[in-house]
Amino acid sequence: METLISVDLARAPHDQDGVIHNRWHPDLPMVAKVKPGDSFRVECLDWTGGQIGNNDHARDVRDVDLTRVHYLSGPIAVDGAKPGDLLVVDILDVGVIQGSAWGFTGLFARENGGGFLVDHYPEARKACWDFNGIYTRSRHIPGVEFAGIMHPGLIGCLPSPELLKTWNTREAALVAKDPERVPPLALLPLAQSALMGRMAPEAAKKAAAEAARTIPPREHGGNCDIKNLTKGSKVYFPVYVPGAGLSMGDIHFSQGDGEITFCGAIEMAGYLDLRVGLIKDGMKKYAVTSPIFKPSPLEPRYRDYLIFEGISVDEGGGQHYLDAHVAYRRACLNAIEYLKNFGYSGEQAYAILGTAPVEGHISGIVDIPNACATLWLPTEIFDFDIKPEASGPRPQVTGVGALAKP
Amino acid sequence: METLISVDLARAPHDQDGVIHNRWHPDLPMVAKVKPGDSFRVECLDWTGGQIGNNDHARDVRDVDLTRVHYLSGPIAVDGAKPGDLLVVDILDVGVIQGSAWGFTGLFARENGGGFLVDHYPEARKACWDFNGIYTRSRHIPGVEFAGIMHPGLIGCLPSPELLKTWNTREAALVAKDPERVPPLALLPLAQSALMGRMAPEAAKKAAAEAARTIPPREHGGNCDIKNLTKGSKVYFPVYVPGAGLSMGDIHFSQGDGEITFCGAIEMAGYLDLRVGLIKDGMKKYAVTSPIFKPSPLEPRYRDYLIFEGISVDEGGGQHYLDAHVAYRRACLNAIEYLKNFGYSGEQAYAILGTAPVEGHISGIVDIPNACATLWLPTEIFDFDIKPEASGPRPQVTGVGALAKP
Amino acid sequence: METLISVDLARAPHDQDGVIHNRWHPDLPMVAKVKPGDSFRVECLDWTGGQIGNNDHARDVRDVDLTRVHYLSGPIAVDGAKPGDLLVVDILDVGVIQGSAWGFTGLFARENGGGFLVDHYPEARKACWDFNGIYTRSRHIPGVEFAGIMHPGLIGCLPSPELLKTWNTREAALVAKDPERVPPLALLPLAQSALMGRMAPEAAKKAAAEAARTIPPREHGGNCDIKNLTKGSKVYFPVYVPGAGLSMGDIHFSQGDGEITFCGAIEMAGYLDLRVGLIKDGMKKYAVTSPIFKPSPLEPRYRDYLIFEGISVDEGGGQHYLDAHVAYRRACLNAIEYLKNFGYSGEQAYAILGTAPVEGHISGIVDIPNACATLWLPTEIFDFDIKPEASGPRPQVTGVGALAKP
Amino acid sequence: METLISVDLARAPHDQDGVIHNRWHPDLPMVAKVKPGDSFRVECLDWTGGQIGNNDHARDVRDVDLTRVHYLSGPIAVDGAKPGDLLVVDILDVGVIQGSAWGFTGLFARENGGGFLVDHYPEARKACWDFNGIYTRSRHIPGVEFAGIMHPGLIGCLPSPELLKTWNTREAALVAKDPERVPPLALLPLAQSALMGRMAPEAAKKAAAEAARTIPPREHGGNCDIKNLTKGSKVYFPVYVPGAGLSMGDIHFSQGDGEITFCGAIEMAGYLDLRVGLIKDGMKKYAVTSPIFKPSPLEPRYRDYLIFEGISVDEGGGQHYLDAHVAYRRACLNAIEYLKNFGYSGEQAYAILGTAPVEGHISGIVDIPNACATLWLPTEIFDFDIKPEASGPRPQVTGVGALAKP
């Protein structure tokens, strides 16, 4: 497999020969070129570009600079790709960069945007994970080991100028509803810390002011954080600019549905092996306006789950109308309370749900006023039996191994 | 398997020896009694109590009286069950009542509450399904056949007086936010058409005025519409009243995650074979406040899915904040537009998503401002290949077999 | 589902209106007729025609008359089927006959042919199983419960005269190698106890003398005992006579690969719901000379197995040459010795392997002189944990519930 | 992951610092030492030690020197391991050595021992495979691509002197039955080409004369060729000598059950990441005399198979008695004839069955005189649809890409 884009983990993101960018813009210069049918390797920094260390404190998570993320590798031009095509990407492999077989999970502090359960867990915490072949364990979370479902959290093609404008317009309109909110309702273009790849300095300065941030998933895919885009899957991406301009990063060793801890999955530097193809005029042929994909035959397979329900009644008893967000949050909280019976701290349980191959389903979405979401926790990832028994839970883990604090 | 509760499909719900009720109330008299370890059969009417016919018009779906639903069988007393226990229910089997091997799917008109996509499909429609052993086909939707994942859409224990009060209070507070809304934000207690089982007339009249409607899922389970509560699964229900008072109904031959058509799944009359047990004081032992369950080894198994993404930007381009409801709606709409390329009408595609064993995942829920939901459509349920090809889709089905109209 | 062939479990096989036969012969009169596309139900006796009772002794297993088996329902004519066609059979459902929700497993005594491990377990034994929806338990084998994988052990089309002659010739040649052997090397035609369906008495007498016994699987399928022909599978059978002449029986609630106990699976009376179709001239088109099939999406699914290896060295240390039979026997014996550590008797463990959804793989077949076979035992069918632990096995079951003896 | 044993693919097996051996003997010096709980990497040559090239002729397969195989890495001492213990080995990962992302499949000529179907395919042939991440394709077999199930074909602990003697005695007894047979019935000790690791020359010479060849699987595991010992599985090996002495090699990128082509799987050089543990006195505690194992959560998953039956009647019509070897051979031949309809040569189809993730089941083993074996061919590994249709097969591949000849 030829390495099309390589990175040096010892160097900073802006010192990688221009193959890294952290904003979306139609004019980002292509840094490599491939033809349909080609296979190639792309190396990626972790999403923070090395801000987080493999240690036992969480000061780096607390102090992370979110204006700089995500650091992406690309864009890659695909010969013959035209707007309206579908770019077919086979994710042939996802792997670890030699000498960097570890990852991290952070709970962001409220000041940093927090995670899905920020009202319950508002402080910065961190877990580090060691990778042992297909498995991972964390010294900060005892009693749990699972096979990774490695995937890029973020991958997609460059937007067209029109699409970029649409994004900026609608996100600005949202922010305008509550401009003082902390955290903000959306992250608007910000020139500060923008890294515009190989764009010339003047052009880069101008483009950075309007380039889209990388946080949300959008029509092109982007930061979808779909754990199932793992090695062996096949993705069909809409193409918006000539050459497509495929970029990617934010590699995860594993993630639960929702990436609820925000920082979130097990974050890592790594590589992707890809093969590309084209369906000419595919967007129209198939009426496709967002990526579609086929899963891999190699996803980790579990049979025995413990499944938690949540409805759209919030923690204070307030009734929401078919709100799947609230319902899933309640399902997550129910699972956390359950796991506490076995000796885990709330933070540890929270981190397990964010990183393990947990499924999150929208089970019922029409039975007014309650949405019903379910969280599927595979039981075999634990070193002990977590299933309910008449005799009650036997606490199995101790405070040893708590998440790292700042 | 002893039949504990039997129904006669030729008779009306109120003419079934008092074993049917359509409201939740702590004082509903038990209609049968079992001991932990017992196995038994419970027969159930379809959720509408026979309002919908196996025919080729949708007037019955248009005119359905929703004040009468859902018709449930029970409540069943479990010897020794006390508030705070967990009632362990093995769903041993779910099946068809002899001579009634068919089901229906309705798209509700807006006046009747509509479904998940009511703004796109506001009119009443119906599909009827023939059951052929484990498989089903509809004369109204050509080219698709799948194995059922039969389950009770609705099952749970009676609420305590305190819990009932909590429900009524919070739902009334929601309705009060927009009392004139059509459809209403929630369905509050309504004495009209209430069927209170074997409660004496005077008491029934009084109780009906405060008894909870059966539409939403709540802490006790209830109308969760979780397709995975299928034959072979094991559920742990919180107990709120002495004897538990287990009731059930709304049997589905199959359903997609979300039951997006509202009426919705493939609705049927049928039976449940159950085995019950108790975990004494289990709610406290395991910190359980909502049902938890384990899936069945016999769920239909698929490998090849086509997966559609949706983000929380609405059809008009409006940006919503981490709204999984909007994201899943967009994923559903994306799948419908895709299926139209093969000759399906939008209504047919909508009905497929509501009935086939479709998975709905909350894939990303923290990447502000966009939630990302995915809809997993198993490709092998179709008689033809729906995967994207360079040559484009070949329309495969014709207008013949459109959904039934009023 | 129309019942095409019905049986009365209270009557003897020869008193079922001629719809039962227990030999294969081209001239067996068709007892029912269907068209391609038809769906229909066929009821079947258990393979012994009621010789075995639901009780706690094994005298019936010891004394069973094997000249009478298997009792099959059919043959069914398919309109338009011609020799050379493939008969496509969808097994839509397999179920229990009302009031007969039990089955049996017998270990045959050596005098009766024995089973796979007859040298180790030479005496007659029996286990009775209660069916609880999709699950079964035996009062004779504590601590184990599993979901059935119901299937016909025996199904296929009538042979042509030429095919019948081939069978008789080659099997007689085998018997001739050791004609005095007990049990015999093959079971040759035997007029005694032959039941020739609706054949006229004179013709039946003549045909019985040459009709093939039903014990072995042959080119037409027949007694394949393939557990995966379960509800939801699709089989393509070669057609040898005009009308095909499909017959079936020997229904199993569950079976492990190999049906090692011979009587063997969990044997039951029951019904099959079938749908038939034709691929004209399919044998030639696809070069098919034996049935081929596609598995069901509804097979029981397990993830966690304990897998035992066996090589082709016999129990006495004798070396065999690539003998998969010996290798699988050793794998089975290894599993039995393992299970004994948990309190099971050898007979109980033997019966578990014969009935539970155990997989038997030919893992290596070329590494002279040892074949390597593996037996896959799903761990979750046990009420307790059977996986190896540093602390050693904790015996979990007691002698209570031993297999029934004569 | 620390590399405990490394190899240099540019050097010969005997020039690898003594870490390679190709015979089993109790006195082989340990080449590395680990402690329970340790994780480590072991690199391995391909089983022939580089005799086969990535080219388009099969002269190397024709001329391979089988006295020299298999080249194994080890033995590794595990601190504290004693005879009678179980050595627990987690196979954490299996991977490709950088710059060697290819493999080969050979059909051995009859003179070289041949494969499972040597009477049908008696000549030397070869297919080379390119690895593309988790997938592989061969330029010699068009139209097929699948995910690998990488595993060591050969792994196990050193035998004790007593066990070695048992092996030699029983295998010699087999050979004595037909000493002139070509190929021989077993491969007895042979000093020629023996590589005895770090044994001193004199001792090595003596030991080589009695050391066991590596071809067959035996009680210690060894050359089991079980495809399911893939990354993520956990194996329990009997220990026979102090320190255990774990050796391994013969890595396969993929293999079908049976490894029917003998050379066979997709053979490769590669590495294994392992973690070891001990169950003290485990052989007695669990009555274990052969390895047992648990499968991986990461095996490739398929749902749609085409399944071929075989019975123990040989190609000439001869009847065999419950011979699973013959039955599986017939199932394989049936599958090959089927695949020929799509344009494959017999050799190509044979190579597909030997390399793709094909399942081989012993389905019925007691129905005298016919064993019934089934071969499960996953349909989705083909670029086109191989399922039977009324319209017949459409040939899809051409002679282009035939297997390489000498």
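Note that the chains take the letters A, B, C and D in the order they are written out, and that residue 1 is the start of every chain.
By definition in this document, a residue touches a chain if its C-beta (ideal position, glycine included) is under 8 Å from a C-beta of that chain, and two chains touch if they have at least 3 such contacts.
What you see is a predicted model; the values in this text were computed from it and never measured.
> Give the chains in contact with both subunit A and subunit D, ordered by label.
Looking at subunit D and subunit A together, the chains touching each of them are B, C.
> Measuring between Cα centroids, what's the chain most distant from subunit D?
B
> Go ahead and align subunit A to its copy subunit B using Cα positions, then give the rotation in degrees, nearest 5.
Between subunit A and subunit B the superposing rotation measures out at 180 degrees.
> Just how far, in Å, is the C-alpha centre of subunit D from the one of subunit C?
One centre to the other, that is 32 Å.
> Cα centroid separation between subunit A and subunit C, in whole Å?
Computed from C-alpha means, the inter-chain centre distance equals 50 Å.
> Quick check on subunit C: which residues sit in contact with 2+ other chains?
297, 301-304, 380
> Which residues of subunit D touch subunit C in the complex?
Within the complex, subunit D contacts subunit C at residues 86, 88, 113, 115-116, 166, 170-171, 173-174, 183-187, 215-219, 221, 223-228, 236, 257-262, 264, 278-280, 282, 285-295, 297, 303-311, 313, 317-325, 328, 330, 334, 337-338, 340-341, 359-374, 376, 387-390, 392-393.
> Across the complex, what residues on subunit B touch subunit D?
Touch list, subunit B to subunit D: 301-304, 380, 385.
> For subunit A, which residues count as touching subunit D in their complex?
Subunit A residues touching subunit D: 1, 39, 90-93, 101, 132-135, 147, 231-232, 273, 275, 296-302, 380.
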